[in-house]
Amino acid sequence: MANGETVTTIRVRYSETDQMGTFYNARALEWLECGRNEHFRTIGLPYTEVESRGVFLPIIEAHIRYRGRARYDDELQVVTRAAMSGNARVRFDARICHRASGAPVVEGYTIHACTGGSGRPIRPPDWFVDALGGRPPRAS
Amino acid sequence: MANGETVTTIRVRYSETDQMGTFYNARALEWLECGRNEHFRTIGLPYTEVESRGVFLPIIEAHIRYRGRARYDDELQVVTRAAMSGNARVRFDARICHRASGAPVVEGYTIHACTGGSGRPIRPPDWFVDALGGRPPRAS
Amino acid sequence: MANGETVTTIRVRYSETDQMGTFYNARALEWLECGRNEHFRTIGLPYTEVESRGVFLPIIEAHIRYRGRARYDDELQVVTRAAMSGNARVRFDARICHRASGAPVVEGYTIHACTGGSGRPIRPPDWFVDALGGRPPRAS
Amino acid sequence: MANGETVTTIRVRYSETDQMGTFYNARALEWLECGRNEHFRTIGLPYTEVESRGVFLPIIEAHIRYRGRARYDDELQVVTRAAMSGNARVRFDARICHRASGAPVVEGYTIHACTGGSGRPIRPPDWFVDALGGRPPRAS
């Protein structure tokens, strides 16, 4: 299941609502992170271990489409997959939908660099790349 | 200055940092909102007034590029501009940089629908469109 | 189990850490809310239903003791109980500890007023008071 | 003015509201931190410098009374003072009120331990204690 999809269930917190009565837009990025976290655990490489082995994944790009409302206490599913993007980046694609109805809430992706603890870019080690499903095929 | 750029100064809060020692990625969306808020006030149409006159601007898309680090207590500038995008959408472009050095931190945009209080899409009224610099020219 | 303790399990999110490497202090109040939410569901009265039946519980006081560290990805348990406090207030007591070791993280309480939708204090209806275990005995 | 009160002005962000239409309760703790930050700068000892000189101030207790509503875009003032509490703790007292009317929003305090970078309690150095107004008189 190294490169499959991981499903994470969350419940909209009161603190995540805003005065429009739906979730505040920045929370979507926090939910995507919950999805990444669970995805790493599912592929056998908890992100705490990634960092403790000296690989950090600072975000360099994020894109979100807001597809539908979600309200306080709604149960949502974050569906996440990941793949290397080039030699030194990781891309996560995610969609968030209502657990019961499947109605879409958010779609998006984030792209992350691979760095060492000092913030300097590194070529990610094999144990990391392998867990993410390997390097992408080279364009010929 | 109705359609120029608005500069908003913020300071990175301790609550906005994460264990990597820089700001947590979702905070960028909150800072973009601070920029939109100040931009509306600057063009003479505080967003509180927009909502009290019955126009809401739920976000439908966001894109962020993370360009550099920012740490606790750093002073940042959010530079924001806005324009109608088609007949019923508003697009805000923003860049965030360090106040002292100008070093880039974030670049991004958000796109917002225009709705009434019930969440139903509306064609935005003239007072709103005019404040945003008018409708875009039609492609011929 | 109307007036027992409810146990809610949460996992510390990356977004909840700060540069000190532990959770940011304000997150404790958000976790207490997760506990209240789950407690209401457990006693058969989801808080969404409380609000939809016209009872709101704005917070009027909070007290937190920080007892220990918790780090990104740690699993925590929020143990919550609730009782009427006087005729028109509700008090929630909570403690948060590490799921595996039981080591304490946070202890605290919040006190909430009962209001109608307009924010005006109300005497809470019987269905609400009964779910919370009834009115406290009067001092003689 | 080493030990006087510091006034910090903030504006309620959209992200700080919740579906009740006022600020979400945990934001109060973030605002208190904004006040502490500004207070340290005002007494000539920015908190970034405190940490870079090896003194950390993890929170050990917080108490908040919610005194009134504040809505999106309201301008608030955080009035903060600080003093040593015993030999190795610092206590900050704060009140938050509406800038225009002075109407109260929040009153509270936080108590912080003094630790080194490893999290171990330390007796705070003189430069720190002096900036905070000195050690409290000993009870006789």
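Note that the chains take the letters A, B, C and D in the order they are written out, and that residue 1 is the start of every chain.
Just so it is clear, contacts are C-beta pairs under 8 Å (C-beta built on N, C-alpha and C of every residue); 3 or more make two chains touch, one makes a residue touch a chain.
Since this is a predicted model, take the numbers as computed values, not measurements.
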Remotest chain, chain D as reference, centres from CA atoms: A
A-B or A-D, whichever has more C-beta pairs in contact: A-B
Distance from chain D to chain A - Cα centre to Cα centre, in angstrom: 34
Interchain centroid distance [CA atoms averaged], chain A/chain B, Å: 24
In chain A, residues with contacts to at least two other chains: 14-15, 26, 30, 33, 72
Touching residues (chain side chain B, partner chain A) in the complex: 20, 22, 25-27, 29-30, 33, 56, 58-66, 69, 110, 119
Contact set on chain A toward chain C in their complex: 11, 13-15, 30, 33-34, 37, 46-48, 72-73
Residues of chain C that touch chain B when the two form their complex: 14-15, 17-19, 21, 24, 26, 71-72
